[in-house]
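The structures considered in this document are given below.
Shared between the two complexes below is subunit A, which has subunit B as its partner in the first and subunit C in the second.
Entry: the complex of A and B
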């Protein structure tokens, strides 16, 4: 039989039509699509034994307790630790993706000198030379750690100065240090016993202090209640996240917090709501009303509200003396539900400013927020785990990232009870990093290492036999038979916590109503996030939900 | 009796911090693709801000987390799926999405009245090395299929495994907590069994302050919201007279 061209065409058309009636093409299409959806180069999660470890978030000084899920030696999930007595299982939103930060595209992976790549040896030689040639300034953003002791000792030995760029919660306590002589870092707010909290722009429900502490308290004692046990009055120029959830939001003109504080003090005196011997502001109620945009009667009404449910506690966003003086007026210093001193062992520090005088070299720790830049001609050595772009640093030195370094965690800013924790390095470093303490110890072999300082601190806590240790249970210090067993618990993520010191008298030297020393700026919600980058997930989700604005630099 | 997992979200407690979104995305290995936009990104849980429309000190804001509502009756996405890639699990009440069956037609996205479904436009990708931080309990999302909240099904499996090891048939509800519930710093999200009248969540769902979004559609969502504020409750039905009042301020 002769096969013609016509037959071939008919058979081909018939076969094609018939094939469509079989499952073959559809199965092939399905398999191809599934195969192409699962290319071999599509990333897959790490496989390996999964375990959960207790630790702490080390990305800012708030020291929240973490439960870290680990697989094959890498952190694969982060959640809050409900056994932590301060954060109580809550975290800031950024912490949930903090374990991804170590692989952020902007991770600083090598030493940089200006625009070129350099080595640790060259950086050490340059720093040793600069610190010998002239005055040295060392700047720390997270005081009280073992690493801070190393920084301070090194600065002292070199005849330099150790300064602290404190978070806003600590700066807000600075006026009390000036009036009482008690270091601001040893003071804290007794939020647990306050019935009225008046916040002058402090983002209490948006990452302020240890984030879980106030949000948990607010959720238990105020959320959704018409007459809450804990009344939160938020004074803000806009309907902030905290103002939206406050018992009352008081709208004022931006930057007029000090004027309102003076007006409130006047209204409290005028209505005999506070003792007469307390200093009276020179600003009249009418002047305060004109500056804040409120009516005189509204300020008087607010003054009555402030004293309606004692104890009342006033919280400033930053170092704002007139706002701080309201606590003196209300008798909140050293009182239950007021401002307490949690430790007598904390030293006062010198606050870091942008001016560094005639310093020859400046060493900036990774804990200092990236936005802090010094002025002057000094050679700047800056540690950082991420490269946040434009900075005045001459040397960029890669620091350990999230959970890549052993560190200890002193009392968080604003806490009324002392706490102590140890965060061991849970993951190996993903870059050639050195912590600032390692860097300085390698230059000066006589300095104690962070591990040694942490050991001695644990021993001191054990000797004092005060407080309790928080794990799945709460164990009093008396239960520990040896310092070794105490240390073991701390290294496994337990928290030591002492009791707030109630009933301590404060000798306050405030004799005249203070004036505002500087304008308190409304800073970004993530100001305390010292890393210059955010987890990529955070950038994505906030952009897609429109919930928050983040600066383009953080959106890398 | 089968379980009906559901949630009650107390809107008065939500501060809009976004922890639930972050925890959800990290748990479910959601990639942060730079090419994705607000319309094309994959976001199984999204927190939306709403206002009462007023200005000055009488202005109020609330935050409403939106995710799959796990509709129980005439589930719109189940009805339209030509591939049977979506089904309501009779044992748990969870609306399940099976990516291997999904052909990516996106009918379900069109049918979902809550816009709680997302199409995966791209292959998942992370910066080099970041795959080491992915959750090993959850597969990475496939390109070309629809994704949504599955109430952290991997966590349900873990709870089942734990129960099996202990020789129990039923899971302990304390072992099954979705990531968003665990992450909420104000305990605004309550999770439990709506089929059990003694479950606190079931009781909350029947309180006078509880409401469901677009309840008039009759899809019986298993996600309830709760608020003491009348203007928030009115927003649940955008076409209602109360909502119109709120929008007019």
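Entry: the complex of A and C
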């Protein structure tokens, strides 16, 4: 029997039909899809002993507690630590994906001078030369750390200036520094004891402050209650996520927060709801109503609501003196449920602006948000773990990534109780990196190292014998017999927390009602918060949670 | 005649494909590997009184799963040869005395992007070991480790049945199997529950 071309075609058709009834196509499809996830250039965690370590997120000054799952010495998973007294197990989407950041394609892996590659030696030589030729400005985005002390000392020795790019939570406290002389960084909101919170656009339920702090308070004392223990009045120009869940949303025209604060102050005075000796704003209720788009009666009603359930606490989105002055008016400074001073050891900082005067060199720490750019002709030395895109820096210097360096964590901005933690380097750096402190110490051998400063801070805390240490359980400082055992606990991820200073008198020199000094835009808050790059997991969480949109650049 | 001939040729092609797909393909797809030594669960359970899986595969105090016992744990009984078998000689001479961990091939190993907690499944959900691992703890031989040549995963992840039809409850450890079990037990876990 002769095999024809037709036979072959029919046979092939039969074979194809038969193949569909076998597992071959489906199994191969499944296996190939798995194979494509395991290409050799995709970083894979090494197989090895798995352990869970307590540490802290070092990506921003909020310093949330973490449980880091380590496999063979590498972080493979991050979760919130419920033993942390402030964050209480909550994390932002970026922190959940922080272990992926060290492997991000936009990780800075070599020194760059302009568009070309350079070396650490060349960068050091250029910086030493520039800082000798003229004034130096050092900019820090995470003040209070041991590394910050190194930066400050170096700037002081060089006759330069140390400036701080403060987060919005800290900037909102700046007016009190001007009126009381108490550094803004040492002030915090006693949210835990407030019964009424009036937020002027601050996204309290959308990433403001330490993640989990206000959201958990809100969940415990307000969510689902008709008459909540904690009343949140959100003053916002749009129905934001916070406004949507607040006890009351007060809709005003965009940018009219200061006008409403002045109007509220007038209404409080008019109805004798506050002491008479506090300065009265010159703005009338009618003017305030015209600017905010509210009626005069609604402002009066809001004033009555504000004082209905003391203690009341007013929170501004940014540096907004009329809004801040409401706390003075309500007597919330230094009072339970108001604004408290958590430490007397914190120094006042000079705020960093884009103007840097006649500086010859500018050194920017990796903690400063990538979007911060200085103006002028100074030679800019920018540290960063990731390349966030266009920058005016002359030198890009690779800094340690997530948990790749030893650092300490002072009290988070906006917290009313002092805290202190230590995050040791849990992983080897995946690139040839240096922190700013290491860079400066290599230039000036007389500067103390970060490790030495952390040691001395631990010793000082131990000597004071105040506060408690939060691990799986809460231990008072009296339980520690030696500074060594205290340090060991801190190195293992424990948090030291002190008590907020209640009843402290604030000598407030507010003699006249302040006027708004700057326009507070809705944009300014979110740009402070964003990271230079976004790992895939964080992008997914952002998109799924709808928290905040990320730019296409950050999804890379 | 031509019609019957075409049907015959078509059926022949289909039959060959079916044979290749169901008989040849599984043999080609999986390569066979042998454990470094022939470990006998049954002997350990019967002769050594290690009746509970948790005695060797324990859950630590912090909730993490110890997995396979380290060589130090084996050395507690096998610091010297306790028998004449070939496996005993390999264990003592190649691993215990030099202090090297035995490179066991783990049948149920999940990929790196999966976080699975034995503690939650055993302690909170009260699942017995056999619900996922069958009665392997009673076996009297170390079975062959079959590894998928394309994906590199153990065959236990897909399950022994190529069609994944009429599988035993313990067969298969793919994501759909996890989801099915969770659905049956009305336990909701989001993406982050396993892919942390």
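The rule is simple: the second predicted complex is superposed on the first by the 491 of 556 C-alpha atoms of A that agree within 3 Å, B and C clash if a C-alpha of one lies under 4 Å from a C-alpha of the other, contacts with A are read in each partner's own complex, and residues count from 1 in each chain.
The working rule: a residue touches a chain if its C-beta (ideal position, glycine included) is under 8 Å from a C-beta of that chain, and two chains touch if they have at least 3 such contacts.
Since we're looking at a predicted model, the values are computed, not measured.
Trainee: Of subunit B and subunit C, which one touches more of subunit A's residues?
Mentor: B
Trainee: Tell me which partner A:32 touches in the superposition: subunit B (first), subunit C (second), both or neither.
Mentor: In the superposition, A:32 touches subunit C alone.
Trainee: Is A:440 touching anything from subunit B or subunit C once the two structures are fitted on A? First, second, both or neither.
Mentor: Touch partners of A:440: none, neither subunit B nor subunit C.
Trainee: Check whether A:79 is in contact with subunit B, with subunit C, with both or with neither, and answer first, second, both or neither.
Mentor: Once the two structures are laid over each other on A, A:79 reaches both partners.
Trainee: Which of the two partners, first being subunit B and second being subunit C, lies in contact with A:170: first, second, both, or neither?
Mentor: neither
Trainee: Figure out whether A:368 sits in contact with subunit B (first) or subunit C (second), or with both, or with neither.
Mentor: neither
Trainee: First (subunit B), second (subunit C), both or neither: which does A:294 touch?
Mentor: Neither partner.
Trainee: Using the touch definition from the top, say if A:316 reaches subunit B (first), subunit C (second), both or neither.
Mentor: It touches nothing on subunit B or subunit C.
Trainee: Check the residue A:45 against both partner chains and state whether it touches subunit B (first), subunit C (second), both, or neither.
Mentor: both
Trainee: By the touch definition at the top of the document, which applies to A:138: first (subunit B), second (subunit C), both, or neither?
Mentor: In the superposed model, A:138 contacts neither subunit B nor subunit C.
Trainee: Using the superposition described at the top, list the residues of subunit A that contact subunit B and also contact subunit C.
Mentor: On subunit A, the residues that contact subunit B in one structure and subunit C in the other are 34, 37-38, 44-45, 47, 50, 69, 71, 76-79, 96, 541.
Trainee: Which of the residues in subunit A come into contact with subunit C in the complex?
Mentor: Contacts found on subunit A: 6-7, 10-19, 21-24, 27-28, 30-32, 34-35, 37-38, 44-45, 47, 50-52, 69, 71, 76-79, 96, 541.
Trainee: Using the touch definition up top, name the residues of subunit A that touch subunit B in the complex.
Mentor: Contacts found on subunit A: 33-34, 37-39, 42-48, 50, 69, 71-72, 74-80, 90-94, 96-97, 99-100, 102-105, 205-207, 211-212, 215-216, 218-219, 223-224, 226, 239, 241-242, 244-245, 249-251, 430, 535-548.
Trainee: Can you check the complex and tell me which residues of subunit B touch subunit A?
Mentor: Touch list, subunit B to subunit A: 10, 12-13, 15-19, 21-23, 25-27, 29-30, 32-33, 36-38, 41, 43, 46-49, 56-57, 59-63, 100, 103, 123-138, 140, 142-145, 179, 182-183, 185-188, 227-228.
Trainee: Mind pulling up the subunit C residues that touch subunit A in the complex?
Mentor: Listed in rising order, the residues of subunit C that touch subunit A are 5-6, 9-18, 20-22, 25-26, 29, 62, 64, 111-113, 115, 148, 150-153, 158, 162-163, 192, 196.
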